[in-house]
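Consider the two complexes below, in which chain A is the common component and chain B and chain C are the respective partners.
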Partner chain A sequence: MNLVARDLVLSFETSCDETSVAVIENGNKILSNIVATQIKSHQRFGGVVPEVASRHHIEQITGCIEDALRDADVTYDDLTSVAVTYGPGLVGALLIGVTAAKAVAWAHNLPLVPVNHLAGHIYAARLVEPIEFPAMALVVSGGHTELVYMPEEDKFEIIGETRDDAAGEAYDKIGRVLGINYPAGKPVDELAHQGKDTFKFPRAMDSDDNFDFSFSGLKSAFINTVHHADQIHEELSREDLAASFQQAVVDVLADKTQRALKEFPVKQLILAGGVAANKGLRERLTKEIASFKDTKLELVPLSLCGDNAAMIGAAGEMLYRHGARADATLNADPGLEFEWLADEAK
Partner chain B sequence: MTKTIRVDSANQTMAIGQKLAQYLAPQDLILLDGDLGAGKTTFTKGLAKGLGITRPIKSPTFTIIREYQDGRIPLYHMDVYRLEEGGADDLGLEEYFNGDGVNVVEWSKFVADELPDHYLRIVFRRDDSEGDNVRKLTFEAKGDRFEKMIDEVLGE
Partner chain C sequence: MKILAIDTSNKPLSVAVMDNDQLLAQTTLTTHRKHAEFLMPVIEDLVKKADLTPTDLDRVVVADGPGSYTGIRMAVTAAKTIANTLGIELVTVSSLLNLALNVQRADVLINPIFDGRNQNMFTGLYRWNHGTIETVIEDQHISLGKWLPAISDYEQPILIIGDTASFEDDMRNVLHSRLLTANPLMGIPSAALLGQYGLAKSPVEDVDAVVPRYLRLTKAEADWKKLHPNEDTHNYVEKV
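So, the complex of A and B:
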């Protein structure tokens, strides 16, 4: 018998475009983290896979499980639990991960732990260093823009969110106007670093006394600016447009986060989600956190900002210790949300 | 049958959505087409308000479908823009179209093959000669029920 107890989670993530399976040891060490992107599937299958197709996940999932176990050098018998993202996300995509996780848990008599995708994004931080509580997370991605307060490790409370578009989505939409394909986050970030904030787009909700975000007014201002220039055949600097847009997004995110930190003092601020890879945002928060002496900034490493199963395993291990369990009736919940702090207070 | 109206502000667009909501029943399908920033989501916000939904209507672009269950009848708000390259047949749209709520679909051209025979389509167009906020809304009814509905919502 093995004298050193190893807690091994086999985790699944299929909420959107990525198929991912990972093995995580003791909640914080990545033994394997297989992420099948569209590019890989394109190479493997020699055909274009539709951007949103659960078929893509079906084709990838068993291969990903095999690769994850092999890379981690473990077998099903070594596992402690199975963790899976059950929402939020695309229902058809989520169902593949949920179904695969249920099958593995049932076949190998392992406990099944349901994980909120956003808890996963936040817990990616744990794969670098332990999270200290109370903590705050700014989760920014293609589908989410949320400020989450965590008084304890298993408590997630929304204190602010977007009222319309998510930050990443705003990037994709103005990317469309600039002729940049989805996902536009990285190219726009790169363009922005070559330009200046010359257009001074509106900073939405900056003056409101809450922690909510809004990006649809910024999007309209951007579109109107480009549109007017087109009409009089004037060419605008793409670099300056990108820089002005990015500056407005970063200002709003940083401003609301600072305000939240003042009202909810925390030991750690975690920047997580796909848009956490944005250089402009990382630079800005790094600068701003200096005025909060008791708060450390944890930037999730670029390799773990996108969707991946390692982060689900990191959250899954914690939730398992707190007794989270699901059985064969577990279903995908595409609209899954954390509680609002205000709801609990009512 | 088609009818075109002019609106001067986002508030007017919302008000029309709100009025339309009174006439809607489960399985009704509303298609919203027009460029980015033309007012599709604004219209949906009004429609949701008219259905008694209090949660904020967030963009469905990323998850493709957002469900709102807290109104008079459920609202299923879909943005199928990301299905430009296919994949619509995997979504199970017909389950929503034959389901228990009102269905609002943005960028419907990308799921043209999946659409039933009867629907109300609204096309949003900017009118550049009149500034940033003016829109022309063209209502196109397929089926008697929706023809009557636009008469009632927009007036004869």
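So, the complex of A and C:
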């Protein structure tokens, strides 16, 4: 037996198309992080089909638990708590993780900690370095584009979010026009690095006096440009199209983030979520952050940008310390959101 | 042997805790469809009331479908996770067979029905033979129009139970006096009968591989299969 008691979280993540179970020690060390991805299955349909996702999660869930415990070399007796994503996400997918986590917590008499998926994405940063507060997070994924202000470690306040498409969603949609199957983020990013911003697509809401985003106008401008060229049989450079699209996305994200940092000085800016793996965005934020002397940029490592249970364990340990608990009635909450920053807090 | 039996295949939720074939505690609810919220609390409550702890359990018996997709998912996910995490046995039983267990008589063919919408049904045909229930026609997802000719040639009366309302009139037009109906309470699954039946069945060999008995592909997969008839549909999920 160890002399110093270890805090061990068994964590579950099934909000979309990845079944993942992890064991996290003391909130910041990954002992195991099993991720079973369904991408190949959903590629048949050009995007995630919720009913299919849910069916795959059931196939995978207990095997992932076994692997996570085995890889971490721990038993149920060693565990401190069970953490699970309960929203936001696809309801039928979330329910598999929630049900499995509740069953494990009950069977082994362990406390159950409900975790917001986006808190997980942000807390992935903690698996590399401690988060310093106040902190700001730019969370960009297939389903979300949000600026989150964190005055303390268990306080998450939205200061801006997308009014329409999430950034990742926009990538998938314009990817389809370029003949790239879902998920299009990485291939479009690679293509963009070989081209130039020649099309100068609109930067929506970039000059507005708020921290909200919008990508549907950009998406439409992109699609119209391609369709128009098709009609007059003009061949456009795919590289330049990708570069122009990405530049517009990155400009809006970087400008809004920069403005948010001016209004909310923080010690750390965390770039998190699936789209945080985007090279263009990482390069741009790295450049921008140089003018904020007191703010450190924390780029979540590529391996932890996508959905995974390690990040849920990292957030789960923190929430557990702050008393977050769920009982056996815990349900999936597909539309779960952080609260908006109250006006008086500004 | 201590058994936990679960059926949430459709709107009713039924859970029982048994000691061999003796019932210790049972709850059956028909008032809601909130299985996600109610299933684990009911399990927790019944095991406690039976004066047991989870680790006392030896076997989980689950009605694994067909039924509502969400319903069978809840039951199967809970059942396989409990069996896996406690290292105990898991037995799976058809949800239609479980309903048929409510009719303990040998003079009829038992036809349990779940509504599959648009005049489709999840159904099968069962009978008792010397104290054992037997499958006469396998569970399937089928239209009423195709099911009727399949059952019209048997000589015995056919007793329908379950979601019979939208099918009864059409069935009577074909089967006439050979169609029997039952007390509607027989259309509500009993986890105690499920547990008793599961006591004699052999457990599954691979708990991890257990999935609900959907008996119907998702629309996306069905459409895709039409276009790709020879494609191997296994190994679509990869651990990375």
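Keep in mind that, in the parts below, the second predicted complex is superposed on the first by the 325 of 346 C-alpha atoms of A that agree within 3 Å, B and C clash if a C-alpha of one lies under 4 Å from a C-alpha of the other, contacts with A are read in each partner's own complex, and residues count from 1 in each chain.
What we mean here is this: a contact is a pair of C-beta atoms (placed from the backbone, for glycine too) under 8 Å apart; a residue touches a chain by one contact, two chains touch by 3 or more.
Nothing here was measured: the structure is a model prediction, and the numbers come from that model.
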item	value
Which of chain B and chain C A:Glu152 touches, first, second, both or neither	neither
Partner chain in contact with A:Gly143 - chain B first, chain C second, else both or neither	first
Chain B versus chain C as contact partner of A:Val104, first or second or both or neither	second
Touching partner for A:Arg55 - first (chain B), second (chain C), both, neither	both
Partner chain(s) touched by A:Ala328 [first = chain B, second = chain C, both, neither]	second
Partner chain in contact with A:Gly63 - chain B first, chain C second, else both or neither	second
Per-residue touch tally on chain A - higher for chain B or for chain C	C
Partner chain in contact with A:Gly92 - chain B first, chain C second, else both or neither	both
Residues of chain A contacting chain B in one complex and chain C in the other	51-52, 54-55, 92
Chain A residues within the chain B interface of the complex	16, 48, 50-55, 88-92, 142-143, 162-166, 168-169, 172-173, 176-177, 182, 216, 219-220, 223-224, 227, 231, 334-335
Residue ranges of chain A touching chain C (in the complex, touch as defined)	19, 34-41, 44-45, 49, 51-52, 54-56, 58-67, 76, 92, 95-96, 98-100, 102-104, 106-109, 327-329, 331-332
Of all residues in chain B, those that touch chain A in their complex	36-37, 41, 56-59, 61-67, 82-87, 90-92, 126, 128, 132
Touching residues (chain side chain C, partner chain A) in the complex	34, 36-41, 43-44, 54-55, 69-70, 73-74, 76-78, 80-82, 84-86, 207-209, 211-212, 214, 218, 220-221, 224, 228, 236-240
